[in-house]
Each structure stands twice: as structure tokens, then as C-alpha cells.
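Labels for the chains are A, B, C and D, by order of writing; each one numbers its residues from 1.
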Amino acid sequence: MRELLGAGFILLGIPFFIASTVGLLRFPDVYTRLHALTKVDNVGLGLICLGLAVQASSIAVALKIVLIWGLILLASSTGATLIASSALRHGPPPLRSDSDDSHAGR
Amino acid sequence: MLVVDLLLALAALATAGQCLLLPGLFRAVANLMAFGLVMALIWVRLEAPDVALAEAAIGAGITGALLLTALGQLPASQRDIQPARDGLPRRIIPITILVLLITGMLWAAILGLPKPGLVEEVATLLPESGAEHAVTALLLNLRGIDTLLEITVMLCAVATIWSLQQAIPPPTLSHYYPGLPTLARWLHPLFLLMFSYFLWQGTHAPGGAFPAGALLGAGGVLLLLTGSIAWMYQRAYNLLLRWLLAAGLLLFLITALAGLLMTGTLYGLPPRLAGYFIIAIEVATALSITLMLMTFYLFGRPGAQQ
Amino acid sequence: MWRYCSLLAQLVMHLDTFRVSRWLKRWRPPPWPALLLRVAVYSGLWWVITEGSGSGWLGLVLALLIALCAPLNVATWPQQLRWRRLPLFIGFMLKNSLFGALIVAQLALSRRCSANTHTRTYRFRLLKGHPQQLLMANLVNLTPGTLTLRLGCDTLSIHILHYQPQIEAQLMMLESHIAALYGLDHEPWEYEY
Amino acid sequence: MRLIFADTALTSETLFALLAALLMALSLVSVFTTRHLIRRLLALNILSSAVFLLMVLTARTTDGIDPVPHALVLTGIVVSVSTTAVVLALYLRRYRMKPPC
């Protein structure tokens, strides 16, 4: 039963990874790609970690997997902000469709 | 499992090829980091978990961050090198032939290698060595001289770097992301716990001084780059830093002398004391490796007059 | 005898060139509740990391050592955190991030893949300290359609993937949740635009 | 030559041996053909990884895993990162002495 539940969560997580990779390839600039990387990847990874934690042999192992997910969440969201602010300083500004708030980022 | 191996080999080849052939230094460094991660997976497949731990921390993390920090010190004109001069060269046909020739010769040589193997010799010596895990026993007791020389090489690297120039201050990240030092300090206890875990585990399972030092070094680099530890740059703490850097090497030498005094041969420790000495050496070596990895990021000598 | 004493005094002075005394002067024992909480958290983490097989007393000793050394590392523990509200907050964030992931995934897989991107400056209304603002900046990356570009002084510049009018309200709700987590919502504050 | 390749089945060991050979060839050629110093440094890093791969492959004997090459590779990784650090410090020093490289 637990095996099946875990496998179900892992299978549910894979489409998120595929979607984030597709987004990484299709989105136009750095900032939109970061959107794809932070949100979609984290949920996909969270589902996979949940699946593994359900299958784990003891509570400590399950908690360890959840801890790993939390740390990756922290790393990816902090990293996304750092990459975005560094791109804002050195790289091209974000694409925008109309400029109602044009000097917000700079 | 052959499919997994094939995929890993293709990924390693692709990242290495992109790192070496495509223009743009930043892209090359990013590909090198990806290559390090793929290599870590390959080590796991080849049943070398110690190497995988060290490669994931050092090969992918610390080397990549070192390269990126150094590139960040260069002006923009230096970062993007011209593709015509440095990308795919024009003489592509002779070079391809050369690559294929070297590959064929090397492959033939590799497949024809004899495999000596020291499995049984190590297994018979393991009970006397003071550590239960074979790799740790080898590193710290059976072939301890290798580790001694390796610490010396690192210390020489630090000395060389310090003799070149003044330390370059870290980029002021906290200026436009104010909470970052707080976050790095807040995470540091976790790094310390993982460090102790690897040291504790190293006596009987994969782990030990090298992965532990690499991991704590990564945490220290995080502190250093966010500007959370000012003391490494200050003149007042320079002497302390020097002693800490030399601690691993000094403890190795003390062990050698103690062996000489107790049994008459260099490193000739009695087996009942070997375990304690190994623990002491392991801790000191790991701390020294940590600090040396951190001082690599200074790119010079700290503690100059302002 | 006197010579040995003077040698010893010299040694102590030499030790003091390491600025050990300056280190020790900065050290203050943390207050009891904070110390107990830290030791509990760190030894729990040790138990989790070793997968329950590590020796317990070693974990306790390590946790005590790390907790005692932490004040040297500048006290950064969020003291005023309301632990009772944490589960509710985690539930809110899980729902938010799942929703955000679904929106971005839908946009990535849609036929035209056209995003109506904006940048916008958000001014903090409730959160004053750096750690709280940092938490907000990190969580903005997980809420649907927003990405922190830069954390300035009391402002947050935000990149919006697909502009909708309710994003402002969504950010305000996130901020009020974080303020509730820190127990800041009962303090008097002025509403300003 | 034919004798060596004749009885080679495609197992993961021969596959990784081929990978090590290819990486070595690529990075060797790259060390000697590229002009930029940091490019050469990257090539050296990949070359050392290929050598480590070869050493770990030789550790897989019929009577178990030989720990000696593993220990050597561990020290090798640390030595290679110190080499990288020294080269980078030298490069920065050279750049700061004489700005146009």
C-alpha cells in the first residue's frame, strides 16, 4: 500500500519537472525562466520527496528526506533572487509589454 | 542499468564538450559545474561513495564558485572572450582525427591494463589500523604519508596565494540583499552538524575528513562570500589563522614523533593507541582543509593595513 | 621557579595575541529558554541526519556545543516566532506554491506561451526587521506569478509573470500572514500608500 | 590491436573506459589548442577527472573493490582544487598588474 502511494506521488511529480524544463526552453528571458525553475521544480521535487518519504523505512529517514526538500527550497528561492538581481545589474532589463511602472527594477 | 550508464556517459561527454568547445567563459564554468555533478553520479554508479561525496562538494561546488568569484573580479571585456579566437578552431578535421586517434590508443591501453588489486592485503591489515572503514584507514594510517603530503601541498598552495597580492574583498552582496548574512549564519549550525556527522561516520562507513572538510568549507565559503565573517580579513586574527591552517600538518608531525618515541620507528604507533590518534588527526585535518578551502577565496594575503 | 612563572606569563601574553580574550569578551551565555530550545532543535536535527542510528549522547553534546558557540556568531535566532501559528502558515504556503506551480506549468505548456510580464515595487507595510523581510522575499518566489528582483530598504521590487490586478492583494495577504507568524499584527501601525 | 578489442563486450566498465579515453583526448587537445588561460584551466580540470575515472575503474577487481585507488583519488581531488586556486590567484595578479591581458 505504502509502495503504491509512494509510486503514485513520484509519478505525479514527474510532469512538473517536464513542464519546468519546457518552460526553461521556451520562455523568453532570464526572469521568466527563473519563474519556471523556482516554482515548478520545487513542487515536482516536493512530490518526489513525499513519495520517497512515504516509502521510507523509518520516521527519521522520512524526516531527513523532508529536510532535504526544505533546504533545496531555501537554496533555490534565494538563488533565484540573487540571479535575478545580478542579471538586473549586469544584464538586460526584463521584457515588458507596456511600461506603467518603468523604473521599478532599476 | 546499462541504459543509466549510457545516459550518464553521454551527459558527461556533452557537458565536457560544451565546456571546452563553446564560446563564453561563464557558460564554460556553468558546464564544468554540471560536469562535476554528473561525475558525482558516475562515482556512485562505480561504487565509490567517498569519492562521490568529495566530488559533489569540491568538484561541483567549491571549484565552480571559485571560478565564478574569480571571473567576477574581471571586467566585462575579459569575461566574454571572442568566439573566433577561442571557440571551435578552424582546423577541425585534423583535430578530430587527433582526438579519435588518442581515444583509440588510450582505450586500447586502458582495456589492456592489468588489475593488481590490494583487496586482501588491506582486509588483513584493517583490524590493526584503528578505523573500520577501509578508505579512512588507508588515508590516515596505512598510507598516511599520502595524506600528509597532500595537506602539505594545500598549505604550499595557501602560501603561494598569500605571497602574490593583498586579499581581494568579497563582493558586497549584503548591499542589495540585506538579509543574506543573517541567512548564512542561521544555516551554519546545520553545516556544523553535517560536519560532525561525516566525521563520526567516517570511522565505519563512507565519510571522513575529506568530505567533512569539503562540506564545512562550503558552508564557510557561504559565510565568506556573504561577508559574514570579518575576522579572516583582519590583521589582529592573522596569527590565529596561520596556526589553525597549520594544525593538520602539525598534528601529523606530532604523531610521527610520538611513534618515533614510543616504538622507535616513524609513525610506529602501538595498535591500541592508533584509534585515538586517528580521531585527533581526522578532526585537525578536516578543520585545516576547511580553512584552506576558505582562504583560497581570498586570492591573496589577508590582514593588510587599511 | 620564578623563571617558569615568567615564561608562563609570556605564553599567556602570546596566547592573547590570538585575540582569544576579545573572542571571549563577546561571548554571553544565551538565556535559558533559548538555550534549551536550540539544544532540542539541534539534537533533533542530529537524530534526523543520522537516521536514528547515531549515538544520542554525542548528539546532545554536539548540540550543546553548537548552541553555546552560536552567540559568537551573532544571535540571529528568530526569538519572537509564534510557534503555534507555524502549521497553519506552512499549509498556506504549500497551497500557494502548488497553485503557483500549476499556473507556470500551464503557461509553459500552452500553445502561444505569451506572458504579460511586469515589474512593480512593493512597499513593506508591516515587516520592519531584515530577517522578516528576507523571509518575505524568499516566499514571494513561491507565490503564484511573482519573483523577487531586489530587496531594497523597506521595498521589494518584484517581477510579475502574468499581470493580474489581484496580485497586489495576494502580496498583502502574504505579508499579513508573515506578520502574524512573527506576532506583529497587534502592534499599531500606520496605513500608508 | 585486434586481439585486445576482440573479446570486448559492451559492459558499463568498457563504456566508462571509453568515456575516460574520450575525455582525456578532448581535454588534452583543448589544453594545447586554446589560448585563454582560464580555458586551459578548465581543460586541466576535466583531464584530472578523466584520470580519476580511470583510477576508480582499475579499483574494480574480481575479488571486490580495491580501496587504495579510492584514497588516492580523494587526495587527488583536493590537490586539483588547490591547483585551480593557485592558477586563479596568479591570473588575477597578472590582470591587476597589467590591465589589458
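Note that contacts are C-beta pairs under 8 Å (C-beta built on N, C-alpha and C of every residue); 3 or more make two chains touch, one makes a residue touch a chain.
Fair warning: this is a prediction, and the values are worked out from it, not measured in the lab.
For the pairs B-D and B-C, the count of C-beta pairs in contact is higher at B-D. If each chain is reduced to the centroid of its CA atoms, chain C and chain D end up 40 Å from each other. Chain geometry summary: the mean Cα position of chain B and that of chain D are 14 Å apart.
If you average the CA atoms of chain B and of chain C, the two centres end up 29 Å from each other. A straight line joining the Cα centres of chain A and chain D is 32 Å long.
Contacts with at least two other chains are made by residues 74, 78, 81, 85 of chain A.
Each of the following residues of chain C touches two or more other chains: 45, 49-50, 137, 150-151.
Counting partner chains per residue, chain B shows two or more touched chains at residues 176-177, 180, 183, 190.
By the definition of touch given earlier, these chain pairs are in contact: A-B, A-C, B-C, B-D. Against chain B, the residues of chain D that register as touching in their complex are 1, 4-5, 8, 10-12, 14-30, 33-36, 38-39, 41-43, 45-46, 49, 52-54, 56-68, 70-75, 77-86, 88-93, 95-96, 101. Residues 1-2, 5-6, 9, 12-13, 16-17, 19-21, 25, 28-29, 32, 35-36, 39, 42-43, 45-48, 50-51, 54-55, 58-59, 62-63, 66-67, 70-71, 73-74, 78, 81, 85-86, 89, 95, 98-100, 102-104, 106-108, 110-113, 115-120, 122, 134-135, 138-139, 143, 146-147, 150, 153-154, 157-158, 160-161, 164-165, 168, 210, 214, 289, 292-293, 296, 299-300 of chain B touch chain D in their complex.
Listed in rising order, the residues of chain C touching chain A in the complex are 45, 47-52, 97-98, 100-101, 104-105, 107-109, 113, 115-121, 137-139, 141-142, 144-145, 147-151, 157-159, 161. Every residue of chain B that touches chain C in the complex is listed here, in rising order: 176-180, 182-183, 185-186, 188-190, 192-194, 196-197, 200-201, 236-237, 239-240, 243. By the touch criterion given at the top, residues 76, 173, 176-177, 180, 183, 187, 190 of chain B touch chain A in their complex.
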